[in-house]
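Two complexes, one shared chain (chain A), two partners (chain B, chain C).
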Partner chain A sequence: MSEGGPWVRLARQVLRRRGAVAAFSALLLIVLASAAAPLYAAWVGVDPFASDVAGTTIRDGREVDLMQPNDNPLHLGLTPIGPDWRLGPYAMGADPQGRDVAARVLYGGRNSLLISAASALLCLAVATGLGLAAGYFGGWVDAVLSRLLDILWAVPVYLLAISLSIVTIGHALHLGIVTIASDNLLIPVAIIALVYIPYAARPLRARALALARAEFVLAARALGASHWRILTREILPNLLDTLMVLAPLLMALCLLAESSLSFLSLGVQAPAASWGTIIQDGEGLIYTRPMVAILPGLAIVATVLALNVLGDALRDVLDPKGGRR
Partner chain B sequence: MTRALLSRLGQMVLVLFGISVLIFAVFFATPGSDPSARIAGRGASQEVLARVRADYGFDRPLPVQYVRMMEKLFVTRDLTSFVDHGERVVPEVLEAAPVTLSLVLFASVFWLLLSLGIGIVSAMLRDTWADRALMGLSLLALSMPVFWLGEMVNLVTQSRWHDAWAFSWVPPLGYTPFARSPKGWALGLLLPAFTLAVAFIGLYARVLRAELLQAMGDDAIRTARAKGAGPARLWLWHGLRLSWLSYVSLFGLDFAQLVGGGALLVEVVFALPGVGHLTYQGLNTLDLPLIMATVMYAAVFVVLANAAIDGLYALLDPRIREARRGL
Partner chain C sequence: MTVLLEAHDVRRVYRLGGGRVLQAVAGVSLHVKEGESLALVGESGCGKSTLGRALIGLEPVDAGAVLFDGENLATLTSRRRHALRGRMQMVFQNVHAALNPRRTAGDSIAEPLRIHGIGRAAIPERVRVLLDLVGLPEQAAVRYPHEFSGGQRQRLNIARALALDPALVVADEPVSALDVSVQAQIVNLFRDLQARLGLACVFISHDLAVVRQMADRIAVMYLGAIVEEGEGMAVLAAPAHPYTRALIDAVPRPDRPLPPPLQGEVPSPLSPPPGCRFHPRCPHAIGRCREEAPILRDIGPGRKVACHFPLI
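Showing the complex of A and B:
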């Protein structure tokens, strides 16, 4: 019945669910499309990072301005050109600085996906360390770590992220001999990872706590195994299923946090794009050129939904009893 | 009981102290950043910088700075903004609080009623197409960035279909105080509150469904069924009684976080002058004292609310009281 290793079996069980297959395909498509952003920009011939308010493009064989006069009776102000839904330059219109929206959404996907994946991984790594230490050693280690997590968790997640961003943004950070430029993507990655550590560390601590009292751990200890060996060889492998369920759900949360920070101009810095910054660019145009904000929003919803579906499927397979959240 | 309360109180004080240190450290002890330059705001002159440094005592050791800052925030309450021409920060926060409270109260009515309905219906119809559709919608709801959803709501109700019969009642963006016009207050908050509630409806419906289904395996339910309880009594009375605890504890946490400033994005998108909007204004002008004050108040509120909820539980549920005593 079960050929292949545990990984093959897990993959087979997950892929038996139609929703999970669809979610996985959608994610793959989004990742590939974002990875191909430079190809797309080169192919249609646009520069998605240079402001081009005086530029022109070809529509229906005629050369037209990127920034069009407004429809109001006095023709005051300028509105960027709208979508024409045909493959080519400005297929989804231009943003307020005359840049190709479609190309920017693809480039934005690179940053959004990169930041959310990296911060989810970083968060899981730190949370695993803390959870293992607190759950396995117990006593005062657990008491101190748990109180620290309580403190971190009491500050509303987005407010903490905003506070950390506002003090690190705009100026370069000087940490001893290392200087981190203010537009370095490591800054949002570290901030988002930090604010979600309590979210990830609590279930991991609970698992580690239960495992620390399991018979196979007692056996290992009786055989004289060191703490390090027990933690890495006995307990950590058994946390793997919890980690695998947490990973996609956490990445979904991180993606939402990243887009919110970028929407508040506190995440990815101009001229680089992320889905959140493009929605911010489109806010002022929401009534005239809504596509600028709609497109990156749909990309976020699709990605987060796919991650959540995948996380649900993994949980159903790995932990059929825990149906919460 | 008294000892449990006292130890809980002690823990709370410890957490409050920890939070104030954490937030202070974030704003004033982040390595490699000069707080006076940030407090003085963008493009501040040398004199302003010197005044900030003297006023906050940044030349003194950190513990002294910490004590002075807490004094300004909670005792004398005369923390002043440097960007906003010496505006007092604390009264500003207190003035904005009713807006946020109205918004979150409104939203919580939406999300409690709708998630209760969806969760119960979904659990009763488990594994039918209706259950799958409701759960799919719930997942979609909690996958949407709230600020984007707000913009889409604005697009539809303020512009595209504003003149259609369905949305002609929608007032322009902004807030009307209850005292001026109760009707305007309610109408203006309806859509922002719903937008804020959407993700929570999805989350809570999923949690409630899972809890209810788990409760159905309980002995109490088997007994009730054996005694001939009908489906309505079984689910609504016995089922909810077994599963309300985690649902309500989740609600307490989220409600406190939202009142504490988690509603920032919705307030920004719908131009509601609440605490979150105040924070947002502080972001645009890099008004650090203002942001720190809102974050500090938010965290303090969250801790106090959680303690109140915990206390309420201990009073309501004897099992928790016993568990506490056992620890």
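Showing the complex of A and C:
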């Protein structure tokens, strides 16, 4: 029997796993780097949001154009300057509008991480409410909620997200006295959260259903505890395990959805950046300046991988079916 | 002694899919006096747990009535029901599931006090007294359920049940999940607490050795109905119902070989047999038993049996 509360035990067990520690460190690095985006931009002296197709930069002591003649035999069109792999302006080259790719990837990380984390949290909050209600009250409440979730889950997530985005894009939303501008980040957050609610609500409902029949809940009823008190003080604290496993896995899914929407110009709107929009910027340059698309692509892969490793580690530690308690 | 709890012809029916009906409790009448302990004995699935929960209003009854201190649990106002909650409590069988794993022991024991509006300042002292009452040290309050053994957890469950000074405790198989050596400790604790606090107790068990220790009176249940009732020692010494006889004979004793066990399984409560519910397994059953259901009738002072041909 180990000492200490549940949180101490959890932290100890997670820290014993090398993969989880590595994933957590990687995530921390990505988050800190993204948070430091303005510092980086100011330090190297670039404006990642202003189009600068006529601009110049210094390479090897010489002033060079950001947009250079093509390498093709006819020298038709322009290609943005490539990476020089040195700390400084345009270390990773420029995008088709002459903006610093490295700075934009860092700024893009802010939006991508913010939107995916916010939508994962929003999704979990709603799914917890639905799962608790369906699992605890059962009967017709469960029947109605579960069928609604089934219907939502039957619609392909990306199709639903894309359709909703197309409807909301370019139109400000008027909700009573509140107006949400079409480029407000809340719109992709809400859409992504909505499409993944069934993904999160189903395991939460199953857990709440099992907990609702546990004897300590019966004991609370025998003591005269109200439904609200039982839900918030007996059942909800025991859903934390499930929530902690779901959170990173869900955030990974949300990040992928956000990137896809942004890639399709249906998420973050120019001139703001997200990893998805930068990949789109680099799409046409994939043969000549592959770093424009590869860099945000790597960021997505690294973040999703780290989130999944972390989620799996938490699942191993917390899931009773893992048999590791 | 005045009667604390009365059940009149209590029935509990579960409607399953496909129009099937499960009679978990099929018309039970019983009473518990103040400070008395009544043992409900029977095989698993005989409805004793359902009846136990119905006795403290945790399970609705479909017919009949449960009266606590003369008040019908089914018709109470919610305010009155809340007030009565503290006076009738339950101790559960599964010691591992009966405590919220996310709460410390002290927090679990304090919960009833908070629910019933006991002042915050008085709670720590009350928790200390309760822990002491069940023989746990004060330091146990800050520990989590997983840090306790099964016996200690059952002590915590008892402490929580006693927090509001109940007059009645329904204990559903309180020792059957424990090691035999620990069972005796918990049984002794129960007896001690009953004597000290004047608790009435409904003790649900299938273990006659435990029942012998605990019960002033015994009610034997078979397929949702009581088949025999009487003073504990009298019933165990001279059972009147063949089923009670079989239960007693099934306990191994060193001084005799084990008699042949009962034939067959307990019939499904979905389709109870006609006539006496016990007749398919009864060694003495004759034609009348297959057709006419015996009623629970008095055969002596405080002694009742539901059998056409009682053994005494």
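Here is the rule we go by: the second predicted complex is superposed on the first by the 316 of 325 C-alpha atoms of A that agree within 3 Å, B and C clash if a C-alpha of one lies under 4 Å from a C-alpha of the other, contacts with A are read in each partner's own complex, and residues count from 1 in each chain.
Please note the rule applied: a contact is a pair of C-beta atoms (placed from the backbone, for glycine too) under 8 Å apart; a residue touches a chain by one contact, two chains touch by 3 or more.
All values reported here derive from a predicted model rather than from experimental measurement.
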Who does A:A94 touch here: chain B (first), chain C (second), both, or neither?
-> neither
Looking at chain A, which partner touches more of its residues: chain C or chain B?
-> B
Counting only touches as set out at the top, which of chain B and chain C does A:A225 meet: first, second, both, neither?
-> second
What is the contact status of A:P6 with respect to chain B (first) and chain C (second): first, second, both, or neither?
-> second
When the two structures are overlaid on chain A, which partner does A:E234 contact: first (chain B), second (chain C), both, or neither?
-> second
Of the two partner chains, chain B (first) and chain C (second), which one does A:V189 touch, if any: first, second, both, or neither?
-> neither
Taking the superposition as given, does A:F216 touch the first partner, chain B, the second, chain C, both, or neither?
-> second
Touching chain B and also chain C: which chain A residues?
-> none
For the complex, which residues does chain A have touching chain C?
-> 1, 3, 5-6, 214-216, 218-225, 229, 233-234, 237-238, 240
Quick one: in the complex, what on chain C touches chain A?
-> 53, 56, 58, 81-82, 85-86, 88-90, 92-94, 97-104, 108, 111-112, 115-116, 144, 146-147, 157, 160, 164
Chain B contacts chain A in the complex at 11, 14-15, 18-19, 22-23, 26-27, 30-35, 37-38, 139-140, 142-148, 151-152, 154-155, 158-159, 203, 206-207, 210-211, 213-214, 246, 257, 260-262, 264-265, 268, 279-280, 283, 286, 288, 291-292, 294-295, 298-299, 302-303, 306
Counting only contacts in the complex, chain A reaches chain B at residues 147-148, 150-152, 154-160, 162-164, 166-168, 170-175, 252, 256, 259-260, 263-266, 276, 279, 282-283, 286-287, 290, 293-294, 297, 300-301, 304-305, 308-309, 312, 323-325
